[in-house]
Structure formats: C-alpha cells, structure tokens
C-alpha cells in the first residue's frame, strides 16, 4: 500500500494506481476527457491536472498518468488547477464548438467566453478513437499523423483503410462526433444552454443546503441561472 | 596506427609516450627551437639540405620535442645557409656557413648536449623572429 | 509507379527486420528513393509485423521523411535563430518567388524542392542556403538568382 | 608517424567545411608537394576551432600563427611565404574590429584568450579520425583508471562530488542520475548519449562530436562501468553527417583496440556502443521522447516518473546524458573531482560551451567557466555588435529560453541566475540581437518553431503554441488589440503549467520574457501600429531618401515587381501599391538611400 495526502486527506493506494484512480476510489471528482476505462492512459487533454508538491516546487501533473507515490502531497482543486482546466476547455472549444461534451464542461467550469478564433475542426485530438481501434477492436486502422500544429487523426495515406471493418467504435467513443450541440447561435462558441440552472440540492430542499454559503462558488454542482 | 591488437592498460601508456612527442609541436612548445633561414639566398646556398639533414637527425634520435621552423633572409646572405638555435630560457644562437655535417654536429652537441658549437657561432642573443 | 521490392527488402534485411530499426530503415529508403513510396511503407509494415498506420505515423512525424516524390535538386533554407535575425526569411521569400512554390513543395517541372530547416549549425555564415548539399553562405536576395541558374543550366541543355 | 617541422591544422568543423575548408586542405597538400615540402610539413584536418565567423581557418604550429578567411587562391602565397621563407603572411591574419594591426598568434586573439578549454581541449589540435592522437593527449587515461583502480561506487562518488550537472539544459546533477540507475536491480541497463541537438543556433554537441568523438566515447564507457550497463547508444541527428561519420570511425577504432567490446583493457568489463540516427524532430531531445525514438517509435514524451533511470529503454534502467556531459566525464576522472569543483560558481561547477551567434562580431563556439558575465562573453570574447549598432538583447537557452535585455549584461551565467531572469541554460545557444531586431518578431519566430515541433499530444502545448503564434502574428501585422497582452500572458503561463514534458513546460518562455523586458515594443505594435525596429513588414514601408539617392538604377533593377520608378541620375520613387516589401532594393542600394519607414511616418505624409 502506498500512503499519501490528497486534499489534506491521508489516502492509501494500491501499487500501480494512478492519482486519478485513487481519487475516484475516494470519491473525489476530477474531470477527464481523453481518459477511458479499458483503454491505456494518454494524458493529452490535460483536464485532469492536479497540483503536486508544496511551495515553489509544486507543479501540475495529469492525474491519469501520474503514479501514486509514497508521501506525495496532492491537491485536486486549486486556483492554479482551475485556471489550467478552464483554459484547456476554452482551447478545445475553439477547435470543436459543436461538441456537447465540451459545451457541458464549459458550463460546469464557468467558461463563458472563447477568446480565440473558432476553427470548427470538430476534432480535439484526444486519441480515444485511435486507442479503441487498436486496443479493443484490434484493427489499428486509424492513428495520429504528422505533429505539432499539423497533427491529425487519419488512415494511412488518407485513403480508405484496408483493415477498417467499419465497426463504428471510433464514432461511439468520440466526444465530438457523437453528441452534437448546435448552441443558440451559430457564431457563439458557448451556448451554456444545457445547464442545470439551479443548485442540485434544490430538488430536495426548499432552501440551499450547500455548506458553502455562496452557492455555485465551487462550481461543481451549479451555475447561475441565465434568464 | 596501433593495429587491431587489443590494448592493455600498459599499451596505452606506450602509445601515449610514442605519439606525445610527435604531437608536442601542435602545442607550440618544446625544449628547443631551430630556425633554418630560408630566404631565396638561403635556399640557393643549400638551406633545403640543411633542413633535410636536421629532420633526419631528429627522427633518428627519437627526440621529438625539438621544433623546427623557417624564417626569411636574415640579411647576412654571404653566411648562408644559416640557422638559429634557441634552447628554452637561453639567448638564441646563430650559426652560419652550414653544411649537413655541421648541422648534425650542432644537433648533437648543442641541442641535445646543451653546449654551443663555438667554432661555428656567428652571434649570440640576436633578435628573434617574434 | 512500381517500387523496387527487392531493393526495399534488402534495406529491411540490412537492419535485421527489427521493429526498433524502423527509423533507420525508413531513412535508408528515403535515401534510395528520395521519398517514401506508399508501397515501400506497406512492405515495411508487413515485414516488421506492425500496423501500417504506425509506420505512417513515424513517417509523417519526422522531418527527414517525405511521402511525396521530391525534386531533382533539394533547396534547403536555414531558418535557425541566427539566420532569422540575419534576414533568412527574406531569402526564403525570394526563393519562393523565384521558384514559384511555397516552402515544403516541389516545383511543377520537378526540378526543385524548397524546404526549410531549423538549424544547420553553421550560424557563422548565415543566412545559409544549401542546394544538393552545397553550402551557400552569407546569402543575399541578389545572390539567389545566380545560385539557382547554376543548378538550372545543366538540365536545360 | 614521423617527425615534421610544421603542422598545418586545417579546421574541418561543419562551419569551415561549408566555407570550403576541404578544398583549402587539398590545395595546401598540392602546393606543399609542388614545393617539395611533403616530408617536412604535415597537413591535418581537425575538429571545429569555434571561431566559425572566420572560416576557413588554418593554424600553423609550432609558430601558433592563425590564418583566417582563406581562399584557394591564397594557398600558393601562404606556402611560399610562410613555409618556405618563414615569413608569416600578415594579410591573411585576423584583424580585430576597430583595429588596424593584425594579431598573428591564436593565443593572443581576444576570442580565444578568455576561454577555458576542458571539453573542447582537443579542438583544433588533434585529428579526430586518429585514435592515437587522442591517446597522445591523455586520452583513455581516465578509462584505464576507472576500470582498474576504481569501484563503480567510487566513480559515482567522484562525479557526484565534482558537482557536474547535465549540460543538456535542465541541469540535473549527473552523479545523482547515475546513482539512481546504479541502485536499480533490473538488467540489462543501458546508456544513451543525447546528440539530438535541436536548438536552432546551438551547435556545441555537433562540434564536440566532430572534434573529439573519443572523449564522448570514453565518458560513456566510464559511465557504463559506474552503473553496470552493457550496451549504449549514441543518438545523433541526421542533419550532422560529419559528426555521424567521425563517431562511426571512433567506435570502429575503439573496438579494434579493445576499448569497446569484450574485456575492455583486459579488465574483464564488457560494453559496446551503437549509433542511432535521428530523423529530425526537436522534441526527441526530451529524454523520454528520445527513448521512444531509439526504440523506433514516434518521439512522443511520456509521463515521468517512472524516470528513465528506473524504467527507460525497453523498460530497463537507462542513463541519458548529453554529449557535452559525457565529454566532461573523462576530465573529471583524470584530474579529480576537487579540480573540477574549483571551477565555476557555488552551484554551477566547471565550464560550459556556448554558441555565440546572431548580430555579433565573432560568431563561434566558446567554452568559458560558469559564472562569467554576459558582458564578458558578448563584448570580451564576442567582440561586441558589428556595424556600430546597439546591443538590444541576448536570447539564451534555445526556443524555450528567454531574451535578456542590456540591463542584465552583468548577470553571471549559471543555471540559477539564468532561470531567475526568465531564461534558461538550455544547451547553451546565445543569439545576440541588435536594435534592428524586433522582439515581437522574435517571439513570433520561436512560437512558429514550437508550434511545428510540439509533438502535438498535450492540448496545452499544441493549442497553446498555436494560439500564442496566432495572437503574436496578429500583433506584428497591426491587428493587435490591447486585451491581447493579458491573454498572451495567461496562455503562456498555463502552457508552461499544464504541459507534460519539458518542451511544453518552457514553451511560454519566449513570450513571457519578451513581455517582461520589452513590453513597450508590443505596445508600439498594438497602440501605434508601428514596428520600432523596422522589421514587421505590414507596419513598414520602403522609401527613397531623396538627399542620398544618386539615381543609379541599381534598386530599380533589383526590384522584382517593377515598383520603382525613375531614370538615370534622377531620384527614384517607390510605388507603394506595387511594393511587396521584399527588401531587395535596400540591399542593392550602395548609398544607403533606401530606408524602412515606420507606419507613423506614412500617416503624416
């Protein structure tokens, strides 16, 4: 057993667990996008970043790829972590504004504007499709090509793949293909239209029951109602 | 070339000994420096033969931290071929009217032995090249 | 276009047909054919027993490889930092104008491929243009024309 | 080998070779033969001397005379005068800027005078293709000591105590890395030499590999003994054909002489080396990406830990060090950790090689003790800025380093102070910039480089560099908004924070340091729509200065778009609607009558 601290709490992890797995085990929510159980970890979307270490030497690492280490100090929701997550969402939304998964994340994390030119590329290069194709479907028909700003997911020579069986697993797992969101206005990157507009505790109580007096500050369960 | 023989630790030292002296020249330092005067007059008077004899002698003696350089006409054309011998920390010595035999003698007696060959000396402590 | 299969195979064999030598194999194929023909990549994937997409991934990731045939002359413009501050971009623009192709492409007549490189390590003579391995240092806009003609001439006759 | 009276050491580093030094060598050999001097004078091709600005270079020993900027035409004269008549040729010697008298001897030239050669001790002195010349200058002595007199633990202690830190950029203590790998139980263990020098404007690794490949090799065998590795790889980028060739020769010679392979020097220790060629990707310099590349895969970095010392190549413990680090090792073992400790500063020991390039009089490679100030390097060794221009900044540490302004010229160069100033040691590239360099353009240049060289895995790095490039490009084209600066700063910081590997974690530096020290230049571009340095095309225009124009038609002939009007002996005029701002006219003008004008001037007209 590996013992370390997460959000001030002493936690124990099995040998080989990642920080994400440990957090899940203890019921601590960490957002993810390119992570999927049953597929190898990728660590590309950077949504699951958490802060490790203390003081000047603290840094952000992706919880899905970072192994649980003896004596580590982990904090899952700091200002620094949130600033990074928000920026990742903003960057990804600018690539694929039509993805409902991303729009929902934007709502959840209070990302209300996109300051970059929209690309409408509809792919955020999370690599889920390439991993499901290779690891679960045993086909390896698609993969990453090129690098840097030219990076894309494609078949060999951009032609129809000889090994693709048209199983559709890639589309099933894609955060952008599957659930589409048009938004109220085609030119607005963020619609914020699908929010649960009220604190979730209001389903059960008349009064706000959140122990954080200022509802919504933590951002994990509610957003201000828009209209 | 050390050949394709596998080296042992003592072989390394041998190679180092052997090549080090040959390479000393690249550091611009040696125990002695011989300047053969090779102006047109010097060459006409046989400075090339003097040079060859000297290099021959150096090679044979396997003493190789002796630096041989050339210089232009020293202005004493009637005394050519000439050479200047500088031993570390001693004033330079000029020799004139050289022959291959004379330079060999200078090599053995002055450069190796440290005794200047008085009967051949033209002058001591004259200007150096630099 | 048919690719010389025996040639490709001999290059694969030269590196014992091992997956870890994929990059070395591709470098050799690139050297022999001046680019990576699709058929050769298929053959490599098959011989090494790996998915074609992974071979393509490597082939498109590294700058040394080209998946399209390249010109007779490879014209490299150094855009390292030292060349950049000394005016490398202007030289590239001039070459793009003279050859009428954007960087990274081959002229229509197949004579020149214009490429950029991040640094050749000879910053002292920058800006540098290298054509077919021959270095042209201290390049200026005016020198570009004469340099190109030098390579164009033998082909014209 | 035989005794020669003179050795002509012809520099055969890539810089000189690209200026034609092999042709010089041929010409020298031919001329020497014609003059019948072949038994007296030896011509030797050596590694890079570092003074690349002055190539091709020939050093004549034992006289120590330094000849520079040679052409084939100079050769007969040189041979006749210097070698035959013994009169060094003044007109081929180096004349320092702003002086008239040449400096005949290499050791008196400012560029060489202040250097302290340890890693480069054999440069310009030995023929890198001859193992016995390396041995002559104490080569493989350290190996003998390490294999026969020292235990692995003693070697590691020696390196640890010396204070040697990785020369590849991050500055991790080499001894610690070795110790971590040595204590791992898994076998086999591997060594890698990182020669994937991708920083544009840095070429010290290339130079070391070309000038002294055996030093790298010796360092690696010592390292192998220390950690118990049996196999090593030297990773060299394919853009360095000469380095590849020399390393190959060195490995063959070492094998033939029993310095590699089985039972090295009869000590019972086995180790062998293999060369791996890089295929052109900046990111493969990152150690986990380098491992992937050696394995034949895409050079995509992975999460550390586990560190390569624990799980590296093929999952086995692996030590990766940079070329310069490996080449330092034999010196430490041979001369002792105490000696090395005595060089440099409190936290940064030894010497470091810098590539001094850009707008500097003496371009080249310099090895100096850590802690020397930037001013000593730029003005002392580098000879200052050419053309009487003003120093503006020096960019240190490669694409992800930073630009330091004139007020930091007295900063001592070591790992800590550079990082504190917002730059980093990196591999040691120093690009000097004068007042004609636009800092926004420089930021754009590096971002363009990084967006292309990012492997593309992390959103933060891939998208971050692209978006920063997009914004900065907009600013250089006059489309900048005031809000851009805050967004840039935020994005740069988060790109650094959220990325996985060293490339992304430093990708924000070019933006952050230029913003920190040169914010006014950004503001000039955004608020006044003007490029103070006159670089950004969209913000300048070329005009003819009527008082200087002689009407010589040169600019008119040079213009590719026929935008220049005028006849002989009449003042020319540039038609702005046709001008594509290529700068050909300015280059062609001999009277400095064409000038870039900033946009503000245009508005007045």
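Structure notes:
For reference, chains read A, B, C and D in written order, and residue numbers begin at 1 within each chain.
Just so we're on the same page, contacts are C-beta pairs under 8 Å (C-beta built on N, C-alpha and C of every residue); 3 or more make two chains touch, one makes a residue touch a chain.
Note that the structure is predicted; figures quoted are calculated from it, not measured.
With respect to chain A, maximal separation of chain centres occurs for B (centres as means of Cα atoms). Remark: among chain pairs A-C and C-D, C-D carries the greater number of C-beta contacts.
Taking each chain's centre as the mean of its C-alpha atoms, chain B lies 41 Å from chain D.
Averaging Cα coordinates per chain places chain C and chain D 23 Å apart. Distance between chain centres (mean CA atoms), chain A to chain B: 79 Å. Annotation for chain A: residues 144, 146-147 touch two or more other chains.
For chain C, residues that reach two or more other chains under the stated contact definition are 54, 57, 61. Taken residue by residue, chain B touches two or more other chains at no position, since every residue touches fewer.
Screening every pair of chains for touch gives A-C, A-D, B-D, C-D. For chain C in complex with chain A, the residues that touch the partner chain are 38, 41, 51-57, 60-61, 67.
Touching chain D in their complex are the following residues of chain B: 1-9, 12, 15-16, 18-20, 22-23, 25-30, 33, 35-40, 43, 48, 51-52, 55, 58-59, 64, 67-73, 129. Those residues of chain D lying in contact with chain B across their complex are 1-7, 9, 36, 39-40, 61-64, 83-87, 125-126, 131-133, 135-138, 140-141, 144, 147-148, 256-259, 263, 265-267.
By the touch criterion given at the top, residues 134, 140-147, 155-157, 161-163 of chain A touch chain C in their complex.
Residues 42-46, 49, 59-62, 65-67, 69, 80, 83-84, 87-88, 91-92, 94-95, 115-117, 124-125, 144, 146-151 of chain A are the ones touching chain D in the complex.
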